[in-house]
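The same subunit A turns up in both complexes below, where it pairs with subunit B and then with subunit C.
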Partner chain A sequence: MLDSLTDSHPYTKYIVGTLIFMLMILIDLQLNIFASRTINLFIRVVYFSIMALGFNMLLGFAGQISLGHAAYMGLGAYLTAYFSNFMGWNFLLILLLSGLIPMVLGIALGLIALRMERLYLAIATLGLGVTGQMIFQEWRAFTRGFSGIRLDRPEIFGFAFNNSRHFLLLATAILLLVIILTYNFSRSRTGRALSAMRDSEYASQSLGVSLFKYKLLAFAASSFYVGIAGSLYAYAERFVHPSTWGVELSLDMLAMVVIGGLASIGGSIVGAAFLVLVPRITAATPLLAEITNMNYILTGLAMILVIKYLPLGIYNTIDVKLIQPYLIGRSSKEFRYQDLEKQEEG
Partner chain B sequence: MAEEENSLPILKVNNLTKTFGGLVAVDELSFSVPQGIIYGLIGPNGAGKTTVFNMITRFYKPDSGKVLFQSDQGEVDLLDYRVHEIIDLGVARTFQNIELFNNMTVIENLMAGGHSQLKTNFFQEIFRLPGFKAKEKETRQQALEILDFLGLAGKENQPASSQPYGVQKLLELGRILMAEPEIILLDEPAAGMNDSETNRLAKLLQLIKDEFDITIFLVEHDMSLVMDICQQITAINFGKKICQGSPAEIQASEAVQEAYLGRKEN
Partner chain C sequence: MARIIFIQNIIGGLETGSLYALAALGVVLIYRVSDVTNFAQGEMAMFSTFVTFTIWTYSRAAGLPYPYLIAFIGALIFSAIFGYSIERVFIRPTAESSLLGKMIVTFGLILIVNGSAAAIFGTDSYYMQRAIGGTMIIGNLVVRPHSFFVIFLALVIMAVLFYMIRNTMFGVAIRATAQDRETARLMGVNTTKVTAFTWIMATIMGAIAGLMIAPATNVSTGMMADVHLKSFIAAVLGGFTSFIGPVIGGLIIGIMDNLVGYYISTNWQTVIVYGILILILIFKPYGLFGSRPQKKV
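For the complex of A and B:
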């Protein structure tokens, strides 16, 4: 059953994986096996996965860089807090707006990217990110500055997601939707145009890819994802504070995508899980816990090791070395079987 | 021969000039490429051949001149279009240093080549709306046929970057065929190929011209290839035209011999 599913649609592995995870949480809802801090850990992995997918769309698929994306995620989070506290709008509407408004502003980043490349683009977007954080600190009417802003868990049609397990299920369902859209996007004319632009701007232009259109599109789409992730962050943590949206978060996005795997959906999720788990593991390890900022040191070390020894990223390496040979081996067996059948018929 | 010379020009270059600082790379250059033939542009290193290509395909902006192209919509000046728009008119090119999409597979490279032909929109793509699948399948089928035509069937799922040099050159050629162009500009298609690969390329270019009904305009250093397959040739030196005509006329031209070998001392 599973085999026939994975054969027909390559992204079924993500759907099946997500559904199994959701089933596990559903069972846990009855049995309460996981500690609530573990559930919170899962929630973090889920919203960071959406964030990493958005950043991967930019860096992995389109080959553009931004070190200001934390501000866009912060914007998504603040918009959610604002709309939920002061407007009392529907959750789905708020989620959508928290993606759409950063998306429109993300086009500004795209305009910068049309004029600058690589290092210069990184520096310019870094500046924009820092500016964003400053605005969050100072614009008290919207963000309440350093006091931070509180909000409640979302409600859909009268059902409040106060239970963290319920919220985790909701967030996972959104992640699944994002994964499917990303997959569809990457295997299409637009996705190929982005990758073409990444690999050769000259050749892609001569084949009809407008750099103007596709650079703006890459920044807009990734800002949308990151805004959605920010919205889920706000709902999950029920508190938004300006200190969250600094350069560290933008660098975390970069680390997730590089460690997990560039231009890969699975890589984004593995990278997000890695960055969520590292601080937890260091905090739980007696000696490491005493060293300040140990998790940053370990993340940096992991990045160096991955770039040196697993340049495809953790997920992609496993995929290329283990999963794909298995799948190809199996399909070639099937092929031989079909050949035999044909020979018999002939 | 006479019949070919009479055929309508598909591309007319009029008084094209380009300077880089004080250097005049292309100087008041005019020539016209007749439809349905293989046309060669030759000249010693630094003569300005690639600069001409880059101006026709809009990577460089000429200082003055016109590039008139006979498209479906009548005669247009390519200089009125932007670099990514000329493919829609039917003008495609390859690059001197191969510009493949290295992190994509062979078939993805070809399918990306069909960018201008494949008409699916963003929402059709992300939601897999009706119409998407059929168009995508059609493009894939076309890519497989072109791979087959190039003798590269079976390589579709391999990474483009892992292909040998000669195959990469062919892939770049296949990628522009996906765009169903009227004219293709090949910047040194045989560079780096050995003799047997060059011979195969010569046959392939003849086939492309005849079967796909595409005009081929090439810059090439391999003189035996140029003399073999081009029906008409323009020779340039220091950005100026020094000779134009059939391969035999070019070979007989003193100006061309002088440009390549230097002036005969008396």
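For the complex of A and C:
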């Protein structure tokens, strides 16, 4: 049965996977098998997946780099906290606005990116990220500075998502929407134009790809995603504090995308899961737990090892080596990863 | 009085600015020679400073004469070994990766070095003495001799470096490698050696910058975050394509930082300085002294 499903649409694997996961949580809702900290872990994986997808749009699909995206995620989180505490608006409206407002700023960043090479852009956005964090610390009227803001779990049509499992289901549903959106986007004319731009700006320009339009689009889309992830973060953790939105978070995004796999939906999710699980696993391992910040060291090592030995990322490698040949052996004609290897020099 | 405060701010700016310049020069040196943007420069400097601090503490406790001098020499030796090992273990094996891949390796290094520093030295912050303590009064001006020492030291290091790059055979090898690695290798330049050497030089420069800034920031795992970022911005402001650009960029940022902090607002200082820099970059995207790189399609 699974065969016929994966044959019909290549992205059915994501949908089926997500639905199975949701079903699992639904069953768990009755049986309470998972500990509540496991559920919280799942929630983190889900919103980080959305974040990583957003970052992957930028880095993986469009070949642009930003080290300031943590600030956009923070903005999304603060907007959510502000709107839900002081305006009392509807959850969906807040979620949308928390994506749209960072998106507008993302377009501004895209305008800057138009003038800069990758290296200069990386450093300029690094500066912007730090600036964003400073603004979160200092603009107390909006963010309450270092005291942080508390907020409640969302409510849709009178149904409050106070149970973490309910909230996990909601977040997963949003992730599913984001996956479908991303997949279709990456396969559209626009998505292909983005990949062309990534592989060579000059060549794509000569084929009529407007760098102006597509760079702005890449930044807009990724900041929208990241803003939404920030909104879910705020709802999930019920607390927003400026220290979260530092350069470390931007580095985490990069690590997720690199470790999981560039330009891949599954890669973003695997990367997010990797970064969420590593600290937990090290904390649970007797010897490693003794060492402060062991998870930093492991994540850093993982990044370098992946660059050296699995330049496609963990997920993409598994996909190319195992999943794709299997599907190709059947009927699917999808095979697009060889061009990833040639990516670069953009 | 207003004028004296202004001059004091300028001296303070030159002090931090020359440290930014030193660190930025290290980054640009590595970038020019091996196409790697070393985002871990600041963390490596932090690690070296911790080692220096440890040597200083132990030699003081052991009652050795001139503990600061011992620590300083220790810093030079350690950072040379440290820079070489990083290059050998992490950078050389990944030299064949894409440009983005090389950049990401240094991001991984940030995590590794920072995590190791926290694991080895802990997350507390410690006091570190100035190279020369006390204050000096010149006319109405109150200045720290440390400031002059820092500016002087940075100038000497840069002078030596520039002299070497311009006038020695090894400098020619560095410039040749920076210009075209393949051709340089064909001409008999040992590019592997040149790369290793630039990593050693850059790490030493970073370590000195870290040691000199330590009295102001204290020694902690987060001590270099600000310096590191500003040295990068200095490199961008000056342009990665020249060696003198980052030096001037560093000085500009140091002075601007101090002036904005004093005359406008300390809380918003960083935000304002970055705002100005982004504006400059919009009009001069390759930095003040940089030239547009030639690119093959």
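Quick notes on this structure:
By definition in this document, the second predicted complex is superposed on the first by the 331 of 346 C-alpha atoms of A that agree within 3 Å, B and C clash if a C-alpha of one lies under 4 Å from a C-alpha of the other, contacts with A are read in each partner's own complex, and residues count from 1 in each chain.
In the analysis below, a residue touches a chain if its C-beta (ideal position, glycine included) is under 8 Å from a C-beta of that chain, and two chains touch if they have at least 3 such contacts.
The structure displayed is predicted, hence computed values, not measured ones.
Looking at the shared chain after the overlay, A:A263 reaches subunit B, while subunit C stays out of its contact range. For subunit A, the partner touching the most residues, choosing from subunit B and subunit C, is C. In the superposition on chain A, A:N90 contacts neither subunit B nor subunit C.
When the shared chain is aligned, no partner comes close enough to touch A:T12: not subunit B, not subunit C. In the superposition on chain A, A:F185 makes contact with subunit B only, while subunit C stays out of contact range.
In the superposition on chain A, contact is made by A:V209 with subunit B only, not with subunit C. In the superposed pair of complexes, A:R118 makes contact with subunit C only, with no contact to subunit B. Of the two partner chains placed around the shared chain by superposition, subunit B is the only one that A:A196 touches, whereas subunit C remains out of contact.
Shared contact residues on subunit A (touching subunit B in one structure, subunit C in the other): 200, 202-203. For subunit B in complex with subunit A, the touching residues are 57, 59, 82-88, 92-93, 95, 99-104, 108, 111-113, 115-116, 118, 120, 122, 125-128, 132, 136, 172, 175-176, 179.
On the subunit A side of its complex with subunit C, the touching residues are 59, 65, 112, 115-120, 122-124, 126-128, 130-131, 134-135, 138, 200, 202-203, 247, 251, 254-255, 258, 291-297, 299-304, 307-308, 311, 343-346. Against subunit B, in their complex, subunit A makes its touches with residues 181, 184-185, 188-193, 195-196, 198-200, 202-211, 217, 263. Put simply, subunit C touches subunit A in their complex at residues 31, 37, 90, 93-94, 97-101, 103-105, 107-116, 118-119, 122-123, 225, 229, 232-233, 235-236, 240, 267-268, 270-271, 274-275, 277-278, 281-282, 285-287, 293, 295, 297.
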